Amino acid sequence: MAKRKMKENIIRKTAARLSIPFIQLYALYVIAHGELGPGGGFQGGVILGASVILFILAYGMEEGVNRVKQWKTDVLNSVGVLLYGGIGILCLFLGGKYLQYNVLPVSDPKLASQLGIIGIEIGVGITVAAIMITLFIETARRDEK
Amino acid sequence: MDIIISASPLYAVLVSLLAVVLIGVSGKNPNLRESWTIVAALIKFSIVVSMLPKILDGKIIEYTVFTMMPGLDLALRVDPLSMFFALTASLLWIITAFYCIGYMRAGKEKNQTRFYMCFAVALSGALGIAFSANLFTLFVFYEILTLCTYPLVVHKQTPEAVRGARRYLTYLLGTSIAFQLSAIFLTYFYAGTLEFTAGGILAGSASNTVITIIFVLFVMGIGKTAIMPFHAWLPAAMVAPTPVSALLHAVAVVKAGVFTLIKVILYVFGVDLLQELGLGVALAYVAAFTIIVASIMALRQDNLKLRLAYSTVGQLSYIIMAVALLTPSGITSALIAVMIHAFGKITLFFTAGAIYIAAHKTKVSELDGIGKQMPFTMFAFTVGALSMVAVPPAAGFISKWYLLLGAFEAHQLVLIGAIVVSTLLNAAYYLPIVYAAFFKPVPLGEGTEMHEAPALMVAPLVFTAIGTLVLFLWPTLLFDLAKLVLASVMGGY
Amino acid sequence: MIEFILGKYNYWICIALMMVGFYGMIAKENLIKKIIGMNIFQTAVFLFYISMSKVHGGTAPIEWHHAVVYDNPLPHVLILTAIVVGVSTTAVALALVIQIYQKYGTIEENRILELNRIEEEKNLEMNG
Amino acid sequence: MIAHFPILVIVVVLLAAPIVPLVGRKNWVFGWYVATGATLLSFLMSLSLLNTVLTDGRISYWLGNWEPPFGIEYVYDPLNAFVLVLVSFLAFMVAVYARKSLEAELQPDRLTPFYSMYMLFVAGLMGMVATGDLFNVYVFLEITSLAGYCLIAVGQKREALMASFTYLILGTIAATFVLLGIGYLYMATGTLNMADLAQRLPDLYQSKVVLTAFAFFTVGLSIKIALFPLHNWLPNAYTYAPSVTSTIMAATATKVGAYALIRVMFTVFQPDFEVTVVHVTQVLIFVSSVAILAGSIIAVAQTDIRKMLAYSSIGQIGYITLGIALMNEIAMTGSVVHILNHALMKGSLFLVVGAIVYKTGITHINDFIGLGKKMPVTMAAFTIAALSMIGVPLTVGFVSKWYLAIGSLDAGMWYLIPVILLSSLLTAVYFWRVIDNIYFKKPEKENADEQTPPGISEAPALMLVPTFALAALCVVFGIFASVPVSIAEKAAVMLLR
C-alpha cells in the first residue's frame, strides 16, 4: 500500500525531478571549488549523494535500486579512493613526494597544484557520494524486509 | 689452568637430540628405533670418555655455542666437577637403554616412540647441566630436563599418572621459576655476570642479607634436590615406568639437582663466602633433618618403589649435607657420592622393575622368599642395599666415610649423630627386605624354581651391582677428579 | 570567579554536552540511545575545537578582500575529518544495531546480555 | 623508488583496500591475492626501512613536500620501524592464513568485504605507527577501529555483534579522548607535529591544559590497549570474532596502541615530565602489576580457549606497560621486545585455535583430548608458543621476562619480581591444562573417539605454514635474541635520552 502510494505521488516526483539537476549541479560546483573557496569533496559528495537519496525517496526504493545498481556504487566507492591514491602515486613517478602536486606536467606549478587538488576532491566526492547512497540503501532496504 | 676450545661437549649434548629425530622417524620399526637409542648412548659415552684424559691432565674444555643476549651466553665448559655427573649419566644411559627395551617390551607399553624420544632429550638435558659454563646455560638445561621428563612420568596416562605428573611438574617448574629464576635475576643484577667461577662471583657484590636471600632462593629453587619441604614430587613421580624412575629419579633428574646445588655453592657463592655467613652449616642442618625424616618415612612404606623414593630423598640430602659442610672431605664425599649413589640406587630400581615384570609384585611385604625365584636380581638388590647402608665392600661406604670425616673437620657433632642415626634407619628399612627375600619361606602356592625377568633386564642390574663393588675397590678415578675440583675451589689443597 | 565562569562559557557548554553524551553512552540500556549519546559526546568535542579556533573579531577563514583577522582554519579542517569519522562510526553502529535487532529481536542491552547468558549456560550443560 | 618507501609502505596496503572489492567482485580469491600481495610488499618495504633506519638513522618523509610542522611528516626511527616490520609481517602471515580459515568461518558474500576491511585495518595500524603528526594518529586510530568493528561483527555467533558494539562504544570513547587530548595540546602549543610538540611542551609542563591533555591521552590509549581495568571490551571481542580477526587484533592492534602510548609518553612528552610533573609512573606500575596478575588469574578460570587467550593478553599488556613505567633502559628494552615477542606468541596461539576451529569446531578446552595425535604439527606450534608464554628459556618469553626483571631490580623495585614470576606460574597453570588435554589424557568416552576417524588430519598447508612459522620464530628469536634486543635497545636509548 505504502509503496504504491509513493509511486503515485506525482507532486513529490515532479518536485524531485525539478530540483535534482540543480542539486547535482550545485554539488559539482562545491566539489570543483574545494581548492580555493569553502567546499570540497566531502561536502560536494554529500550533496551529490543526497540528490540520489532524494530521487529514491521520491520514486521509491524499487525504482531507486534499479537505477542505482549496487555494483555501480561499489565500483565508484573504490574508484574514488583509487583516484585519490593514484594522483598521489603519479606524483611519485613524476619525481615529487607523495601528493606533491606541483610536479604534475603543467606549465605553471601553481596551476599544477590546483589541478592536483581538484583531482583529489573529485575522487573524494565520488567516494563520499557512493558511500552515502550505499548507506542509505542498505539501511532502508533492511527495514523493508 | 689450560683452556681448550673444543666443540666436543656440544656434540656430547647434541648426539641424543639427533637420536630423537632418528627415533621419531623410525617409530614404526621398533628394532631400528631402539638401536638408535643404544648407538646414541654409546657415542655419547665415548665422547665423554674421550674428554676424560684432558681433564685429568688439569685442562678445561670450553665452548661458547652462541650469545643469546648481551651478557647471556649459552656456553659449555667441561671441568673435573662436570665429569662426575657426565660420566655417571652417560654410562648409566647405556645400561638403562638395554633395561628399557626389556622392560617396555615385556610390559607391552604404549607410546614407546614418545618414550624413547623424551628419554634421549632428558639425557641431553642432563649432559647440558653437567657441562654448563654459566648459570643461564644451567637453567636452560634444567628446565629442558624438567619438561622432557614430564611425558615420561605421565607415560601411562591414567588419572593417577596424570595426578602424579602434575605434582611433579608443579614442584619442579614451580620452584625453578619462582625461586631459582629470581635467584638468577638477583645474582645477575648484583654480580653482573652468571659465569661459574671457582671461588664464587657474589662475594663482596651485595650485602650479607641479600646474599643470604639469594642462597635461600637457590636452595628452595633447585627443587630437584628433593630437600624438604620440596621433596613431594619424588614419591609422586614413582607412577612412571620403572626405567624412568631408575635413570631419571635415581640418576639424571635428582643428580642434576644436587649437581646444580654443588655447582652453585662452589662456583657462585664460594666456600669462603658461605663459611663467613654460616650458611653452609644451616643448610647442613636442613639436610640432616631431611635425612632423618625421609628415612622414617621410608620405613613406613610398603610399596617398594616408594620406599626407594624416600630413600633417595634421604640419600640426596647426604650429598647436600656433605657439600654444605664446606670442608675438603665433605666436598670429596659429595662429589664421589654423585656417582656412587647413582650406581647403587639404579641397581635397586632395576631390581624393583624386574620384580614387577617377573613376579608382578610391588609391595615389600610380598617379597618373602623371592631370593630363591630371582637369585640374580636379589643378589644385585643386596649389593645396592649394602651400598645405601654403607657397608663395605659396597661403594656407599667410601662416601659415607668421607662424610663423617667432613663432619669431624667441621666440628659438627650433632650432624655426626644424625648420620649415625640415619645409617641405622637405612639398615632398618633395607636389610629386612634382604632377609625376607633370602631367608623367609616362599608363600604357599608359589614354586621355588628360577623365574627371572628377561635377560635384557637382569644383565644391566647385575652389571650396575658389580659396578658398585668395583667403585669400592678402585675408586682412584673418583679421587683424582675430586682432587682437581678441590684444588680449584679451595685452593692449595 | 564570575568572569572565570562567564568568560569561558563556550567550554562549559562543551563540557556539559560531553557529560550528557557520556552519560547516554554509559547508562542507557537502549542501544540507539547509546548511539545518540555517542553522537552528542563526539559533537561536544567538535564544538570544543571550533570554539577554540575562534579569534576575537575574526571572520570565517575565507579569502575576503576587506577582512583583516581570520579565525584559525586548522581546527576546522581537523574537525571536518573528525566529523567524517563520527559519521562513519555512527553508520557502523547503526548497521550493528540493525543486525542485533534481527538476531536478538531486541535492542535493550540488559535483555541481550541475558539472552547471551542463557545461551552460555545451555552450552555449558551440553558440555557437561 | 626506495626514497618513497616511507609512504609507499602504507599506501600499498591502503590502496589495496579499494582494489580488493573491485577485483573480488566475481570471485573473492582475487581479493585474497591482492591482500596477500599488498601485505607482502609492505612487509618487504618495511624491512628495507628498518635496515635504512639502523644504518643511516632517522628518516623523515614530508607528505606533498610540505615542510613540517606545516605539512604532515612521516618519521621512522628504530622504535617505529621495528613495530612497523612486526605489524606488516603479521599482517602478511595472517593474510596467508586467512584464505582457508575465512572460507570456513564466513558466508561467501562476506569474504571480499572482509579482505577490504582487513586491508584498511592493517593500513590504519601502519599509519598510526609511521606518522609523526598527532592528528594523523587519531585519524589512523579511527580507521583501524572502524575496520576492526566490522572485522569482529562478522563472527559466526550472534554474540559477535554485541561484542563489536561494546567495542565500538568503548573504542569511540577512547578515540574521542585522544582527540580531546590532541585539541588541548594544540590549544597550548599551536602545533600538531610530534617533534615540534616535543620542543615546545617542556616550557608548558605546569600548564593545566597540558596536564589535562596528558590525562586524556593516557586514559584513551589505555582503553585501546585494554589495560586492566579498562579491558572490558577485549575478551568477548576476541572470543566471538573470526579467528583471523582475533589473531590480527591480539597480535598487532593492542601492540600498536602500546606503541602510541610510548610515543606520547616519551616523544611528545619527555621522560622527565612523567617523573617530575605527573608521577604517572608509580600509578602505571601499580596498574600494570594488577593487570599482570588479574589477567593471569582470570585466564586460569576460563574453559573456552579463546577467552583464556584473551585474558592472557590482558595480562601480557601489563608486561608492556610495566616496562614503560619503570623508566629505565633495560626495562624499556624489555617492553619494546615484548611487543614483538607477545605478537609472535599470541599470534601463533590464536592461529592454532583457528586451525582447531577449522578442523573440528572445538573451542572448549575439555574437548581437546587426543588432538595431539590428530594434529601433531599444529599442536607442536601450540606447545612451543605456550612454553614461550610461560617464559621457558630459549624462547622469546624468557627474553622479555629477563629484561623486565633486571629492569625492575635496576629501578630498585625487587617486589616486582614476584609479580612477574607469579604470573609465569599462573601462565604455566592455564597452559599446562591445555597441553595435558592435548597429549596426555585418555579420552573418557571410548565410543566418542571412534566416531572421529583416527589418524592424522592436519589443517591445510596454507594455515599450517604461518602458524608454525610464528611458533618457530618464538624459538629463533629466543635463541638469537640479540637481533631484536639490539634494535629495542636502540629504541630505548632514543626514548629515554
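Which chain is which? They are A, B, C and D, in the order written, and residues in each are numbered from 1.
The rule is simple: a residue touches a chain if its C-beta (ideal position, glycine included) is under 8 Å from a C-beta of that chain, and two chains touch if they have at least 3 such contacts.
Just so you know, these numbers come straight off a predicted model, no measurement behind them.
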Original post:
Is the number of contacting C-beta pairs greater for A-D or for A-C?
Top reply: A-D
**OP:** Taking the mean of all protein CA atoms as the centre, name the chain whose own CA mean is closest to it.
**Re:** D
Subject >> Geometric centre distance via CA averages, chain B-chain A, whole Å >> reply: 79
Subject >> Euclidean distance of C-alpha centroids - chain A vs chain D, Å >> reply: 36
Subject >> Distance between chain centroids, defined by C-alpha means - chain B, chain C (Å) >> reply: 68
Original post:
If you average the Cα atoms of chain A and of chain C to get two centres, how far apart are those centres in Å?
Top reply: 25
**OP:** List, in ascending order, every residue of chain D touching at least 2 other chains.
**Re:** none
Original post:
Do you know which chain C residues sit against two or more other chains?
Top reply: none
Original post:
Among the residues of chain B, which ones contact at least 2 other chains?
Top reply: none
Subject >> Chains grouped in pairs wherever the two touch, ordered by label >> reply: A-C, A-D, B-D, C-D
Original post:
Mind pulling up the chain A residues that touch chain C in the complex?
Top reply: 36-38, 42, 135, 138-139, 142
**OP:** Report the residues of chain A in contact with chain D in the complex, numbered from low to high.
**Re:** 71, 74-75, 77-82, 85-86, 88-89, 91-92, 96-102
Subject >> chain C - residues contacting chain D, complex >> reply: 22, 25, 31, 34, 38, 41-42, 45, 48-49, 52, 74-75, 78, 81-82, 85, 88-89, 92-93, 96-97, 99-100, 103-104, 112-113, 116, 119, 127
Subject >> Residues on chain B engaged by chain D in the complex (per definition of touch) >> reply: 66-70, 72, 74, 136, 139-140, 143, 147, 151, 154, 157-158, 162, 165-166, 169, 173-174, 177-178, 181-182, 185-186, 188-189
Original post:
Once bound in the complex, which stretches of chain D touch chain B?
Top reply: 387, 390-394, 399, 402, 405-406, 409-410, 414, 417-418, 421-422, 424-425, 428, 432, 436, 439-442, 478-482, 485
